[in-house]
Structure formats: structure tokens, C-alpha cells
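Just below sit the structures, each encoded as C-alpha cells.
Note that subunit A is present in both complexes that follow, paired respectively with subunit B and with subunit C.
Up next is the complex of A and B:
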């Protein structure tokens, strides 16, 4: 492997990690607060991607620069509408019930959304690469790469990371969310509306999944099944990092993104195996994840 | 109590009788019922683990192991017999279950589920990518095997496999019930209700769960081998996480409190799929999703729980 390929692999890895981070951190946030593994998370990602493609194909004739706000608008619409619906009408009635029911109802949401996606957008691949083509290429150590993937995507991921950190650690709303996570009963007793916190958290997490999809849509063709692949991948990242760990998710996403990129250039057939193998190895040694706190019940 | 048959057992007997007789009149039901019974066997394994309070979100790996055992035998050895496929599928899965189980029984709840998912996804990626051995995403065709040396025409074969599935299902159903009523089965349930007390009694909760896990893997393997024979193919899809979700879905749909829930759920699931796919093309998944939501929100104990609730309401009225 020569140096050009190595740089190419690093750039691939970074841009991929940025997308995976956005989706995984949403999943992790939802689990951290609601204690629910949102199986429909991959569908929110796929819906975000498809709606973003629809929006940007619609506004591109007016002005191609409008495609960027279109991506953002699509992710917020999906996050609020679909995410809000899942939390309000599926998860909320089940609060306090067995975990398996909560997990399974998001699985039902996944099945429905997977089917709706085929009905609405069909099974033919969709391309909407306008936002990718608008930005110029940049040369990194002599390797030409799209600045959309190598500057914009990591930039958005970094901004999300810092924004979430600031929001959770420095604002009142963030403090309220952390309080509910820590002790729901006590926080309700001092007047915090836990239901609202759950709703807001879920919508934020869902919007992040949709944002990941929206930003991915210019770089890839949209096909059925992309949601099912993404949910396990983002779950692998979130679990390897330790569910509820925001900074840990970023580092793990980077680690998995880079490893995967190098594996693609060296041993392409093992590309899909990498994240899961890492997940097994990490969970066997540290079931609470690389960055998780020791909370696991081991008798 | 003495000599009285419980209503659930009576329904189970009626169900098995119907699946033996009904396909004789409608031939397209032979495959449908065979699939219901085969999947029911897999879901029995899920219900076993649910009795211990654990959800395996990766059980499709044992299903796929059973299916690929049959497929590999057909591809590399050739020929094959239904009995051999089932036995081999079950044993291979049980051994695989022992290996995976040694790791996963150390954890509970979300960690148990996560680790299962991780193992199953590793298996899935291997099946998908080891193209030379597994044909990748296309899967391996499973040629129609013989039964104890006799070979059959396709028309007769669908009935042969139906009755083999029925026999396997009845044996598995009876076995699982006996197991759950045995001291070992009660210990398995104790993991859900109070694991610490189980340990105080001097038993190893891990070993109890490991035995349950192996049995559950064994059932998964048998079901997988049967489905591979019925559908004449084994694909990596058999081990994908959505398949695992489907099995948990069926268990909750039927009701995890009783072994018969596995077959009640499988019957409902496969019938909805069979008829929705035939009449409302491309929406069966949507319909199943809605059914699942309705069941979870309004009848969280599954189809079996419905009967209990109805029975109680009637008693209250009198």
C-alpha cells in the first residue's frame, strides 16, 4: 500500500466516520435518556436521506445552493414528524413496561417505515449529488478529494459533538435532561416534566439520524435496505463506545471508520465484518463499552 | 387437577390436528403449515430464554447455522436425508450455542441482547462475504433430500416435509413443556424472578442459563434445517438481525408465557404474510408492523394472554 492509497483511505475513513457518528450519537443519546434501543433509528436515517433527495431535486432547478438548506429541512421534518410520532404514540404508552416490549415496538416501527419507504420512493436507486458537485475538490497531500466529504461532513460532525456537549453540560435544558437520566422520580418530584424531556430527547436523536441520512444522500445512491444496514452499524458503534457516551461515540466512529477504510483497500471482502468483529471483541472484554462506566450487572 | 386437560394444551392439540388434516384439502397449505411449524420450533427457543427474562436479538444465527448445515452437506457431501439434516442441524447449532453461550450467559438484559446481536452479525457477514464457500448473498440451493432412503416427487414431498415438521414440532413442544416443569426449568425461570436467591440455593445461574441457551440453539438449528429443506435454499438473510427480530416478534405475538405461544404466533405471522403477500402485494410488512403495535399496546401478553383476559372478564361478570 503506497502513501497515496493510505491518504485516500484516511480521508474515506474520516468522511464515513462523520456520517456514522451523527447516526450513532442519536441512538446513544436516546438510549442514555429513555433506556430504549431505537430499532427504527436506521429507518429514520433512510427517511432523512430519501426526503433530502426529494427536496434537493425539487429546489435544484431554482438555485443549486438551496439544496443545503433543503438537506437540513428534510432532517428536521423527519426528526419532528416521525421521531415525535414514535415517541408520543408508541413509546410513551409503554413507559414502565418490560424492555422487550419497548424494543419490539420500535421494531414494528422499523417494519412499517421500511415498507412505507418502498411504497413512497420505490425500489429504484435515487441519485441527488447536487450538493456534492457544487463544492470544489481539495488536494490533501496531493490527493484530490471532494471538499463536501472531507471538510463539510467532518465539520458538521464536530459541530454536533461540541453543540451536544455544550447543550448538555452548559444549558438549563441540558441540565434538566441529565437530571431525568440520573433519577427520574426525584427530578419529577422537583417539578421537571419528564415526559417532555423524553419527547425532546427522542426528537433530537431522531433528527440526528435523519441528518446523517440527509448528508449521506449526495454521496451515495439511495436503495432499499440502507436503513437496516445502518441501524446495526450505528448500534455496533454506540455499543462499542458504551451506550450514552457522546465523546466515546465520536472516537469509536473514527476508529471504526478508519479501520473499515483500510480494510476496503487491503481486504475488501471483510469490509462488513470489521465493525461487528470489533464489537464482539470489545463487548467480551468490556460489555459496558470502551468508554462506558462500570454499571453492568454481573452476578 | 387430576386428569383434567388445561385449555391451552387442548388448543395446542387441536392446532396440531388441524395442521395434520387441513393441508390434505388445500394443497397450498402444506408448505404454509410446514413453515409455521418449523418457525414455531425456533420461536420455542426464544420463549425458553424469555422465561429466564433474557431477550436474544441474535437468535437467527442458530437458525442460519441449522440451514447452512443442511446446505453445506448438500453442496460438499451430496445427497442427504431429512433425518440426517435435522439431526446435524440441531447438533451443530447446539455446539455453536455452547461456544457462544459460554460468553453470553455471563451477561444479562441489554448486554445479553447486544452480545448476541454482535455474534449473529459476525456470522452473517461471514456467510455473505465468504463467497467461495457460501455463494454470498445468493445462498446455497438445498436439493430435495430423501427420507430414510426413500425419494419423493415434489407433490408428495411437500406432505412428507409437513409431517416431519409436525412430528418435530410436537416432540419439541412436549419436550420444552417437560423441561420448563422440571427442576431445571424452574431454575431457569428463577433467573428472571430472583437470580440472587437462585445463587444462594447453591446453583450456578450461569450454568442453568447455559443449558437453556444450548437447548434454545438446538431448537433454532432444527427449525433452520427444516426451513432450508422446505424453501430449498439457505441464504445469509437467514442470519440477518431482522430475522432475529422476527422471531422475537412471533414470540411476543403468540405470548411468551406458554410454549404454545410459539405456534400461535407463528401461525398468525405466516398467515398474515401468506395472504397479505397474495392480495395486497408489497404491504405485508406494513400490515405485520401494525398488528405488532396493536398487540403490544392492547394485549402485551400475546394471543394466549387474550384468552386468559377474556376468561377472567367472564368470571368477573358472573
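Up next is the complex of A and C:
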């Protein structure tokens, strides 16, 4: 492989990693704070994509540039409406119960949302590429790339990473979330409303899942089953990173993106295996993930 | 003498009543169990096919049904897959007591259900699945394929490519990573190697089924610059690949061959450029050059468009073919049974070797040696035509199934290896878009 192809592979890897990070970080955040493995995460991704496409197709005739706020609006609507509903009416009643019940209830939510998706949007693939078409292509060594995929997506992923870091470490709301994550009982004792923190965190996590879907929607066909595929990949990323580790999620997404791109150039047969091979290798060496740590069990 | 007369009269009476009792009583309805994808990515085929089945059944029943008996449909979701699919199939056959089944779209489903149908002794039409191996490895009595298999489908596409772009030197493939993606490439590449051995395969890419992103594959192909890119992908995967390739200029750089792209043409709309070679898994096209002026063909297409908002695609025609085959088989069996309602076994006997007119393309024969359908193959190239917001097929060729299907008893791949470069010189009629 010459240096030209290596640079092309790096660009492809970064572009893919950006999307993987945006999809996985919400799952990781929710687990980090609520300790809930949200199986409905894939459905939130799919709903975000479908609603973004619906909004985009509606506003594009007015002005194509309105499709960008449409993507953001769709993410927020799905995060607040669907995420809020799942946390308030499905997860909160199970608070303090066995973890497996939370897993089952989010799985039920996934099944229901998967069917709802077919009822609302049908089964034919939907494509809404207006946001992607608005930006010009860029040529790298004679190979054309869309700026949406090599500039915008990585830019949004980086902004999300830095924004989350800043929010959690430099703001009062972030500190409250971290406090509840660290010790729910102690933080409740000093007057923090843990239920509210859980609700807000779940809505943020759900919005991030929907944002991943919304940003993917201009580049891909929206089809039944797209949510299920994303759950598996997101779990692999979150587990490799260490559940709840935002920086770890970014690093893992980058590792997966780059490795996958180089594999496609060199040994495409192994493309499908890349995320899972990486996960197995990392977990063999570090069972709690790249950034995870052994936790002391509280009695 | 009196005794003899009485004996003859008794004998005649017995013969008359025995004869009557052997004829089947005409049932109140003819039940058909249909497996089709109602969930998952393949519902892009399954849902239109279900709509077609309902439309056809309604129309049939208005005309008195099959042999005067109305048909009743039961649907099974193939999306459930695995054991659930087999259980549901058994339930429909054993509890609902269907008279025939149409199963399935997926070759995986067919592989699972064909032995079950044989075991339950229920006539089954493989109405859409393409794996050639199913009927090549075993002779079945109750299972028939009412359309072609992957071998003639892929061979027709290759022949079209060789006839229209004979000078290409390099090829790359981007297929979905599952049975069809792998098997269709094996068929295509085996035949290519036999007929044009100097072609170099520069990349074999099998992205994950349902992959949302092909950026890296597109980059690699842009860098490799193959003369031809083949894909037998379908549904959302094909749409995504074509759009991502188009946005980055790959469709203009290489000749794209969409092995079963007919089903995506309407969805891709203006994103599909001119000059792409498109196969149709049979001679399926809503503007079929030999049928487009046929009143019944036009009426069916327009009724389907009115019902679903889209022109029929190949799974719709495949579904219609299964109904036509069933109707033909029953008519034949009733006739052979002196106008009486036939037994199931008599219908199965009548089905083997049947030729039936589809009304949507050329007639199909169910080859008696292996129950494989011999179906013509239509391949064309995309072209803009005023009045349509999607591309139409132009320079269409319709390939004779008897020439491009492997003989009964010979495995597809073995037969393909025997093809010679002269094979491409066969005469094939060509038709313009309009």
C-alpha cells in the first residue's frame, strides 16, 4: 500500500469513525449515568434518521439550507419525546429493580418502535440527500470525496466530544450529573434531584442517538431494520471503550474506523469482523474496556 | 338369466357409484399459504408482492376463482426466519390445511421449507428464491420453482455486458455479504472466466448486509479505476451504493452493472444516471417490449400503480407467475380428471412439465426433470425518457431460457465452466425503450 492509498484510507476511516462515535456515545453516556443498557438505542437512531428525512423533505422546497436545522430539530424532538417517554414511563417505574428488567423493558421498547417505524414510514427505502448535495466535493489525490462526510461529520463528532467534556466537567449541571453517577445516595442527601438527573441524561443520550441517525440520513437509505444493525455496533464500541467512557468511545470509534478502512484496502474479506475482533482483543487484555476501571462493589 | 341381469345391473350401479365417490368434492375455497417478507430489509420485495397477491386473488375470485373455486390467502412473515418460519409454515399447512404454498423470497427460507413441504406432501411453488442448488441436489415431487434461478439471471447480465462492452479488461464486484451476494458472484465470475479469461478481477468487496456506508469501498474503486463494477445488491443497500457512488463520480468513471437493479429504478429516480446495465430477474419490466401494448398487461400494471403508488417490480411479477402456474395446473388436472375436481396428487402430477403463459412476459415451462422454471431474461441499459421521473430501460435484450439455463442434472457451476467465448455470439433480439 502506497502513501496515497494510506491517506485515502485514513480519510475514509475518520469519516466512518465520526458516524460510529455519534451513534455510540449516547449509549455510553446513558450507561455511565443510569447503568442501563438501552436496547432501544438503535430505534432512537432509526427514528432520528426517519424524522430528519421527513423534516428535510418537507423544508427543502422552501430552502435547501433549512435541511440542516431540520436535522437538529428531528434529533431534539426524538430525544425529548421518545427518550423522555422511555425514561419516565418505562425505566423509572423499574428503578431499584433487577437490572435484567431494564434490559427487557428497553428491548420491548425496541420491538414496539421497530413496528411503529414500519407503520409510520413504510418499508420502501427513503433517501433525503439534500444536506449532502449542498456542500461541494473535494478532491484528494484525484479521488472525489463529499465534504459532508470528510469535513462536516468529523467536525460535528469532534464538537460533540468537546461539548460533552465541557458540559460534564466545567458546568454545574455536568457536575450534578457526575455526582449522581458517582454516588446516588450521597448526592440525593445533599439535595440533588436524582430522578431529574436521570431524565435529563436519558434525553441527552437519546438525542445523541437520534443525532447520529439524523446526520447519517443524507448519506444512506433508510430501511426497516436499520436500528437493529446499529445496536450491535454501538454495543461493540461501548464495550470496547469501557461502558460509560466518552473519550474511550471516541478512541474506539477511531480505531474501528481506521482499521476497517485499511482492511477494505488490504483484506476486504475481514471488513465485517473488524469491530468485533477489536472488541475481543481489547476485552481479553482489559476486561473492563480501554478506559474502564474495576469498580468496588457497595454492600 | 335373471341372476345374470341382476348381477350386471348391480355391477353397473356399483361402478357408477364407485366412480362418483372417487371424484373429489369441489371445496368451498382453495387455500394458499404464502411466505413473504413483511418485516426487515427484504420487505421492499415482500410487501409489494403481498399487495400483488391480494390484488390477483381478488380479481381471480371476481372471475369465479380457480376451476370455479374461490381462493383464500394466508400470509406468513419470512422476516421471522429460522424456527419461527418453519413452525408457522407447518401450522398453515397442518392446521389451516392449505391446498398449496408459495414459499419463499429468500433462498435461505426455501432451503428450510422445501424439505418440510416434501415431508407434508403439500405442493409448494418457490416463487422468488434464486439459489440454483436447491433443485440441483435433489429431485422433489411437491416442490417447483415458477421462475428462473440465479444461473440464467446472472448469465444473461454477463452476456449483455460482453455483447455491449466487449473490450473491458478489468472488473470489480461489490456484493452484499450473504448467500446471494456470494453465489451470484460465483456464477458471474465462473462464466466470465470461461468466456473472457483475459479479464482481471481487481477487487472483490463484500460489505456487510445492510451496511449504511460504502464510502471506503467507493474510494477504493475510484483509486483502482476498474472498467466495470458489478453489484447484485438490492433494496436499500443498492440505493445507498448507487447514490454514494454517483455523488463521488464513480458511476461516470466505470461501467456499472446492476445485476438485479430493476427493482430499484423507480426509487433511485434522477440519481440513477444513463448507461448503467440493469438486470430484471426474468423478463420483468412494466414496459415489456413484447407486452407493453397488451390490454391485460397494461390493466394489471395500472391497477397495481393505483393500489400501491409504484409500477410493478420483479417480485410482483414473480408472485403473479405463481398464481398463473397454480391456475394452469388446476385447469390441466381438472381436464385430465374428466372435469371433476382433482385430488392434490393429481394436481402435482399435472404441474410437472407444465408450460404456462404469464401474461407479463414470455411463457414459462416447469422442466419435468427437476421442476425448475425456464424463464426468459430481460437486460437493458438505463436511459432518460421524457414523461418519466426515473430512468427507463433501453436497448433491451431478451434471452431465451433454454439457451442460458444449465441442463437438468448438471450443476450450474460445472456447466458454466464448459462455456466457450463463442457462446456470447448467440442471436438475441434487441428492443428500444419505447
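Observations on the structure shown:
Convention: the second predicted complex is superposed on the first by the 284 of 299 C-alpha atoms of A that agree within 3 Å, B and C clash if a C-alpha of one lies under 4 Å from a C-alpha of the other, contacts with A are read in each partner's own complex, and residues count from 1 in each chain.
Operating definition for what follows: a contact is a pair of C-beta atoms (placed from the backbone, for glycine too) under 8 Å apart; a residue touches a chain by one contact, two chains touch by 3 or more.
Worth saying up front: this structure is predicted, and the values here are computed from it rather than measured.
Overlay on subunit A: subunit B and subunit C clash in the combined arrangement.
In the superposed model, A:272 makes contact with both subunit B and subunit C.
Look at A:101: by the touch rule set out above, it reaches subunit B but stays clear of subunit C. Of the two partner chains placed by the overlay, neither subunit B nor subunit C lies in contact with A:190. In the superposition on chain A, contact of A:118 is made with both subunit B and subunit C. In the superposition on chain A, contact is made by A:220 with subunit C only, not with subunit B.
Once the two complexes are overlaid on the shared chain, A:62 sits clear of subunit B and of subunit C alike. In the superposition on chain A, A:280 makes contact with subunit B only, while subunit C stays out of contact range. In the overlay built on the shared chain, the residue A:260 is in contact with subunit C alone; subunit B does not reach it.
In the superposition on chain A, no contact is made by A:172 with either subunit B or subunit C. Across the superposed pair, subunit B and subunit C both touch subunit A at residues 114-115, 118, 269, 271-272.
The touching residues of subunit C, when paired with subunit A in their complex, are 39-41, 43-44, 46-47, 177, 203-208, 210, 212-213, 215-217, 219-220, 222-223, 235-237, 239-240, 243-244, 247-249, 267, 271, 310. Subunit A meets subunit B in the complex at residues 37, 39, 90, 93-94, 97-101, 103-105, 107-112, 114-116, 118-119, 228, 231-232, 235-236, 239, 243, 269-273, 276-277, 279-280, 283-284, 287-288, 296-299.
On subunit B, the positions that touch subunit A within their shared complex are 50, 55, 57, 103, 106-111, 113-115, 117-119, 121-122, 125-126, 128-131, 195-196, 199, 205-206, 240-242, 245, 248-249, 252, 282-286, 288-290, 292-293, 296-297, 300. Chain contact summary for the complex, subunit A toward subunit C: residues 4-5, 8-9, 11-13, 15-16, 19, 114-115, 118, 122-125, 127, 129, 132-133, 137, 141-146, 149, 216, 219-226, 229-230, 260-261, 264-265, 268-269, 271-272.
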